[in-house]
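Dropping the structure in here first, questions after.
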Amino acid sequence: MKTQIGLTALLAALSTGAIAQNFNDPAEFERQKALLTVAAQGPDGKPWEQNLGGEKVDTAKYKKPGPYKLCFSNAGVNNPWRVVGFTNMQAEVDANKADIASFTHADAEGKDDKQISDINAFVNSGQCDALIVSPNTTAALTPAVEAAAKKLPVVVFDRGVDSKAPVTFINPIGGYGFGIQGASFIAQKIPAGGSVLALRILPGVDVLENRWAAAERIFKEKGIKVVGAEFTNGDNAKTKAIVEDYLNRFGKIDGVWMDAGATAVAALEAFEDAGKPYPVINGEDQQDFLQKWKKNKLTAIAPTYPTYQWRTPVIAAIRILKGEPVVGPTWKLPQPAITAENLDKFVNDKMPPLHYALCGCEQMTNYPARWGGK
Amino acid sequence: MSAGADIATARPARDVPVAPLLFAGSLALYIATALATGQHAYLTGEGFVGLTQRMVALGIVALGQTLTILVGSIDLSVANLISVSAVLASFIMKGEPAMIVPAVLAVLALSAAVGLVNGLIIARLDVNPLIATLGVGLILQGLLSASFSNFAGSVPAAFQAFAYGRIGPLPWSVLLLFVLAFAIWLMLTRTRFGAHLYATGGNRDGARLAGLRTERVMIGAHVLCSLMAGLTGLYLASRLRAGAPWVGRDGVYDLESIAVVVIGGTLLAGGRGGVWGTLAGVFLFATLDAVFNMTGIDAFPKQVLRGAIVILAVAVYAVRSKGHVA
Amino acid sequence: MSAVASHTVPSAALRFARGINVGLAVFLALYGTIAVLQPGYFEVEGFLNFLRRAAPLIILACGQLFVIAGGGFDLSMGSLVTLTVLGGSMLAGGNPENTWWTIGVLYLIGLGVGLVNGLVVTLLKVPSIIATLGMLLSLNGAALMWSGGAPRGYLPENFRALGRLVYRDVPVTGIMPLSVLILIGFVGIAAWLLHATVFGRQVLAVGDNPRAAELAGVPVGATRVLVFVISALSAVTAGILLGGFAGVSTAVGQGLELQAIAACVIGGAQLLGGRASVTGAVAGALSLFALFTLLNLMGLPQPLRETVQGLILIAAVASSAWRMRRA
Amino acid sequence: MNTATPVLSMRGIGKSFTGVRALDDVSLDCQAGEVHAICGENGAGKSTLMKVLGGVYRPDEGEILLGGRPVAFRHPAEARRAGISIIHQELSLLPERSVADNIFLGLEPTRGGLLDRAAMQGGARKLLERVGTRVHPDALVKSLSIAEQQLVEIAKALALDAQIIVMDEPTAALDERDAGRLLELVATLRREGAAILYISHRMAELKAIADRITVLKDGKLVATRPAAALTPAMIVRLMVGRDLADFFPPPGDPTKLGPAVLSAQGAGNAVLAEIALELRAGEIVGVAGLEGSGKGALGRALFGDEPFTRGRMTIDGRDGLIASPRTAIAAGIGFLSDDRKKEGIAPQQSLRDNVLMTLRAFAQRLLPPGSGAMARAAADRQLTEVDVRAAGFAQEIRELSGGNQQKVVIGRWLARDPKVLIFLEPTRGIDVAAKAAIYQLMRHVAERGRAILMISSDLPEIIGVSDRILVMHEGRIAGELKRGASEEDVMHLALGTGQAEAAA
C-alpha cells in the first residue's frame, strides 16, 4: 500500500514534467539586480579584495601565530573555469609564502560523497589551521562544512552552504546578475520582433539555472521571442550542430544568449558556416570569444563570474588566522561585464583560448606562463 | 589436457587468493604513505573509520554488480538507478520523518522493478546485457532528468542517521556494508540460489540442461543488483541530505563498480569470484583516494595513475591465465 | 494453397526479414521523418551537411567495429578523441605550418595507444573492457595533464578545414564538405579491410573462436593488436574531424565510445565477436545520429531524448536477437 | 515381449526447425530393467529425440507417456522432476565449480535453508565410487581430464534417483578400461530396474548391453528389434541404408614408405618424458593409451600447443623444438583437435571461411580473401573432396552435424597439405558412415606421401587403421606394435602390465 503511494508519487512527478524548483527566486533576482549597481568598496584595482557592502566579522578568537597550515577541499577541476581559478589560488598561496607553512588540497572529482570524506579527513588530520571549501553542491556539503566549522575556521567560496557556520562565504554577485547583464543587452540590441536562441550547458547546476531564470525573466518582460533553449553539454560540436539546425529551421536567428561562454565561438562559427550574419550574442570572459569579438566587431557583451574570487579565500583565511576582521558572513565581490568600451583592456592573444580574462592575475609572479600564456 | 588421473584425486590447490593479497597490499600502501608523509592522523581509529566510510557507496553497489557479473551478465544501469533512488527517496520524504518508511519501501520496490525489467530484457528478449542495461539506464536517466533538475525534497534528520550515525566508533553505514557483504557471501556459498547463480554464469546451457531455471536465476541476480543500487541511492540521499539527479552519474558507479569487481578476481565472463574480492577492490579504490589526498597529487596525474592501476591490478593475476581473453 | 507452399512462405518472409539490416531500416525511417519535418534534408545539400556532422561518429563506429568483430571492446576511443583535439592544439599552437607534422604526431600517438591496448589484452590477458576502461581514465588524465586542464592553443585554420571546409559550386552535388570526402575514403578503407582482405577474415575468425583460430595457425595476438590499432587510428581521424568541425574543448570525446558501440550493435554487429559488417556499422551510426537530429527537431525535452535513445537501442538489439532465433 | 505398461513411451513424435523435419512420427518405448539402444547416423534425430524427452524442445506432434500417463515438459526442470535423467553428449559441467557442486546441481540438499555441504560431500563420494573414479569431491572440474569429467557427468545423472536414464554416447570420451567399467554400471542399473535409453556408435557395446535396438534414419524410425536378432553389419545397413563393406581401408604398402618426416628424441615436458619417435612419409601411426597416459599431450607437444621443453625434434630434415602452433604449421605439421567445438570450428563463419582458415592464416594480410589458392572454387573443391553434406557452402558451420564439421576441419588441413598430420580422436562422436569416410580419406592422404599420427581412444580404429601402433603409459611411450596386433596386446602395454616390445 505504502509502496503504491510512493510509486504513484513518482509517476505523478514524472507526468507533471518539470517540478518547480527554487532556481527562480524573485527576491534574490531583485537583490542581485540591485547589487549590479552598487559601488565596490576596498582597494582600487584589486577587485578580489573589494566588497559590495558587507559587514565585518570579528575573528579574534581564531588568532594564532603563523605561519599557517591551510587546507583546501576542492569540488574538482573539471572545467577550464575551475582550472584558471585553481591556478589563481595556487599563485596567491605562493604570494603569501611568509604566512603559509603548508597548503594541502583534496580534489573531490565532482563527487559530493568524496568531498564529504575529504573534509572529514582534513578535520581529523590535525594538519589544518583553516579550511577552505569550494562545495560541489550546496545542500550535500552543508553538514560536513558545519561539522568542520566546529573545529576550525572555514572559508567557503563559489557555491555556498545552507549554514551560517563558516566564518565567511565569498562569491561575486551570482547567477541572476550574469543572466540579467546578458539578456538585457541582447534584448536592447536585437531588432523588434527578433528571435533569440538560448544555449545552456546542462540542467541542474544552480549557478547556471539562476542565470537562465534571470534571462528568461528579462526576455519575457521585454516580449522577446525565445525560439529554443537547448543544452549543449559544453560541447563545441554539439553546439554547432544545434545552431545549424536552428538556422535551417528558422532561417534567421537574431540573438544568442548563453549561460556560459565556453562554446560561444562554436555558436558563432555555425553562423559563419551557414553564411548568415552574426547574431547579437553574450559570451563570457574567455579569450577566444573576446578575440573573435574584437576581430569580427561583434555586437556582444561578456558578463562574467570572475575567477579572481579564487584568490580571496586565501587572503581571507590568513586574515582570520591573524585575527584581523574580514568581510562576512557573506563577502560579495564585484562582478563586472566586459563591453565594447572596455573590450581592448581584456583582449590578450597571448593567452590560451579558454583563459578567463577576469583572473586578476596579471600582476602575479609567473604570469602569463603559469596560466598557459606565451 | 591429459594430466594424470592420479593428480586429480588429491584435493587441488585453489586459485590465487586475490582478496587477501589485494587487501594487504592496499593496507600496506595506505600505512606506508601515511608514515612517509607524516600524516599520522590517518593511522588513528578515526582515520581508518574515514577510510572505510569512503568504501560504503561504491561498496554496496559493487556487491550487487558482483552478482550480475557472476551470473554472466553486467549492469550498466546502476549509476542511473542510484540517482533515481536518491531523488525518489528525498522527494517522498520531503523532510518528514513519517515518510521514511514509505520512501524506503518505494525505492526498494522501484529498484526491484528495474532489476526485473533488466533481467527480463536480458533473459527473455535475449538482448546483450551491456546494451540492455545501457538502454535501461538511459531511459531511467531521461525520465529522471525530465522530472527533476536539482536536489528534490530533503531527507529528515532521522534518516541522516543512516549515513552519519554511529554505533560505538563504527558508522552504521560501514556496518551495513559488511553485513550485506556477509549476507551475500552466505547466499553465494551456502544457498541453492547461490550455487545456481554460479552455475548459470559458468555454463548457462549446461545449467539449463541440469534443470535449473536459468532465466529466473538471471532475473534474480539483476533484481538483487538493482536493490543494492537502490540502497546505495538511499545511502547517498542520507549522506547528501537530499537526492540529486546526477549523484549516480557523477560517482561513475557503473564503470567503477565493474572495475572493482574484476579487480577483485571475479571472472568477467561469470561463474567464478565472490564478494570478498570485490570488497578488497573497493578497499583499494578507497585507499587510492586517501593516498592521493595525503600525497597531494594533482587531479590529472591522479587519473592517469588510477587508469594504470586498474589495468595492472587485473593484469597481476590475469597474466597467468591460459587461453585468450577478449 | 498447398501444404508445401504454406510451409515455405513464412520461412521465405523470414529469410527476407533477416536480410535487411536493422540499422539501415531504422535510418531510413528516421531520416524520412526528419526530411518531412525539415524539407531541406531531402536535398542533396541537406544530406551532405548531415553526413558532415555524422562523419566523426561513423568513423568511430567503423573503428570500433573491428574490435567488436574480434571479440572485444574499445572504451578508450572517446578519450583518445579528446587527446587528439587537445594535443593537436598544443602541438600546432595555431600555426598553419605545423599542421601536417602535428597530424603525423597525432597518428603516432594513436598507434601507440592502440598498441598498448592490444598488448595489454593479448599479453597481460586483461579483458578488453577493463583494459580500455583503464586506458580511458589514463588518456583523459594525460590529455588534461598535457594541456593543464583547459585548451592551451588554437587549431590552425588549415587543420580546422579538414572538418569545416565545404567546397561550393561542385558539379552534381552542389556542395561537397571535405570531411565527407574523408569519410568516404575512410569507410572505403574499412570496408575493404574487413570484407575484402585476408585480414578481415582473420579478425572474424579470431572473434568467433580464438582457440580454433590459433590452432589453425591464425596469428591471434597480432590480429588482436591490429584491431585495437585500427580502432585507435579511427579515433584520431574522428578527433581531427571533430576538432576541425568545432574547435578545441575538453569535453569533446565524452561518451563517444558508447555511441560507437551502440552504432555497431544497431548495425547488427555481434558483441563478443564473429559477426560484423561495415555497411551495418555505418547504417547504425547514421541512425543514431539521425535520432539525435530528429529529437532535436521535434523539440522534445533534452532528458527525454536519452529515454528514446535507450528504447531504440533495446528495440533494435531485441529485434535482431529475435530474428537470429527465428532464422 | 514384456506386456506390462512401459515406464516410458513416446508416440508419434514430430519436430521441425524452420522447415527442416528433424523428427517424423517416431515412437518407441522402454520397460523397467531394459536397455534400449538407439542408433543412427549423426543428424538422424537421436539427440533431438532425447532433447524432446528431456524437456529441452517441445514436440510439434505426438505425446510422451510416463507409466501410461501423458506428460508435457516445458523445461528440463520438469523432465527431471518426472524422474528422467539425461547425460547429454556435450559436457554440461561447470569448470570453475567443484565436483560435488556439479553432481548436485539443481538437487542441492539443504538444511535449515542452507546448503548441506557434508551431505553433498558424502553423497558425491558415494556416487563417484559407483561410477568407479577416485576423483575428489572438492576438486574443481577444470582440473579433471575429459574422461573424468565424463564420469562426473554420469555421477551427476545418477544423483537424480531417476527411473529413466538417457545416455547419449557416454563412452565417446572414455578409453576401453573406463568404458568397460561404465558398461558394468549400466548393467547394474538395469538390474536395479531402471529404464535406460542408450545411444552409441560402438557396435561392441550395443552387442554387450542392449536388450532392444532402435534405428533412426533421417528423423524417421527404421526399425526396433531385439538386440539378439541383429548383427553389427545389419545395424550398419539399417543406419546407412547400404552395406559398408570396407569399413577400414586397406593397409599401406610398407615398401613405399618415404623418408622420415618427423622425429623426436628424448623430448619431454611437464607431462611427457623421454619421447622418441619417428614418422615416415606414407604411413599412419596410431597412438593408443589410457586416458591420462599423455597421448593427447604428445599430439599437443608435437604441434607446439603445449610444447616440449627439452629434447630434440627434427621436421622434414630441420632441427628445432616447436614453440607454437603457428611455427608447427609453418614447419609442415597439421593438427586436428579432439574438441571440435572449442578448438576446431569458428561456428558463425561459413564452410568456405572455415576450410580456408589455415591457408589464409599464412597468406599476405591485405590480399583479397579469395585470391590464388584461396579462391572460392578451390574451397568448394576441397569441401567436395572431403564430401561435406550441406545446404550450401556459404552456410554457417554451426548448422552442420558433428561429422560434417569434422570433415570441414580436415579439409582445412588438406588444403594446406602439410607433411605431417596429427589427428586427435578424429572420429569422436561421429557416426559410422562418416567414420568410414574419414578413414578412407586418411589412407588417401598417406598414400600421397604424408605421415599421419592418429591418437585415439577407440581401440578398433587404432588396430584397423594404423600401420604401426605406439602405446603410451604414464607420459612415456611404453612400446610399439606392428599392424595386426590385438586389443589385448595394446591393453597390456597401456596398463603397464605387458613386456615392452623392442621399438622398431
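The first chain written gets the first letter, and so on, giving A, B, C and D; residue counts start at 1 in each chain.
Please note the rule applied: a contact is a pair of C-beta atoms (placed from the backbone, for glycine too) under 8 Å apart; a residue touches a chain by one contact, two chains touch by 3 or more.
The shown structure was predicted, so the numbers you read here are calculated from the model rather than taken from an experiment.
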From subunit A, the most remote chain by mean C-alpha position: D
Averaged-CA centre spacing for the pair subunit D and subunit A, given as whole angstrom: 72
Separation of mean Cα positions, subunit C and subunit A [Å, integer]: 36
Inter-chain centre distance, subunit C versus subunit D - centres from mean C-alpha coordinates, in Å: 43
Length of the line joining the C-alpha centres of subunit B and subunit C, rounded to whole Å: 30
Multi-chain contact residues (two or more partners), subunit C: 149, 211, 214, 301-303
Overlap residues in subunit A, where contacts from two or more other chains coincide: 17-18, 77, 203
Per-residue overlap in subunit B, given as positions that touch at least 2 other chains: 143, 145-146, 298-300, 302
Touching pairs - complete list by chain label: A-B, A-C, B-C, B-D, C-D
Contact set on subunit C toward subunit B in their complex: 70-72, 120-121, 123-131, 133-142, 144-145, 149, 207, 210-211, 214, 220, 224, 258, 261-262, 265, 271-273, 301-311, 313-314, 317-318, 321-322, 324-325
Touch list for subunit A against partner subunit B, complex: 2-3, 5-7, 9-10, 13-14, 16-19, 21, 23, 76-77, 104-107, 109-114, 116-118, 120-121, 124-127, 137, 139-140, 142-143, 203-204, 206, 209
For the subunit C and subunit D complex, residues of the former touching the latter: 7-8, 11, 14, 196-202, 204-205, 208-209, 211-219, 270, 274-275, 326-327
Complex contacts: residues of subunit B adjacent to subunit C: 121, 125-128, 130-132, 134-146, 255, 258-259, 262, 268, 298-311, 314-315, 318-321, 323-326
Subunit C contact footprint on subunit D (complex, rising order): 18-19, 303, 305, 325-326, 329-330, 335, 337, 342-349, 353, 356-358, 360-369, 374, 412
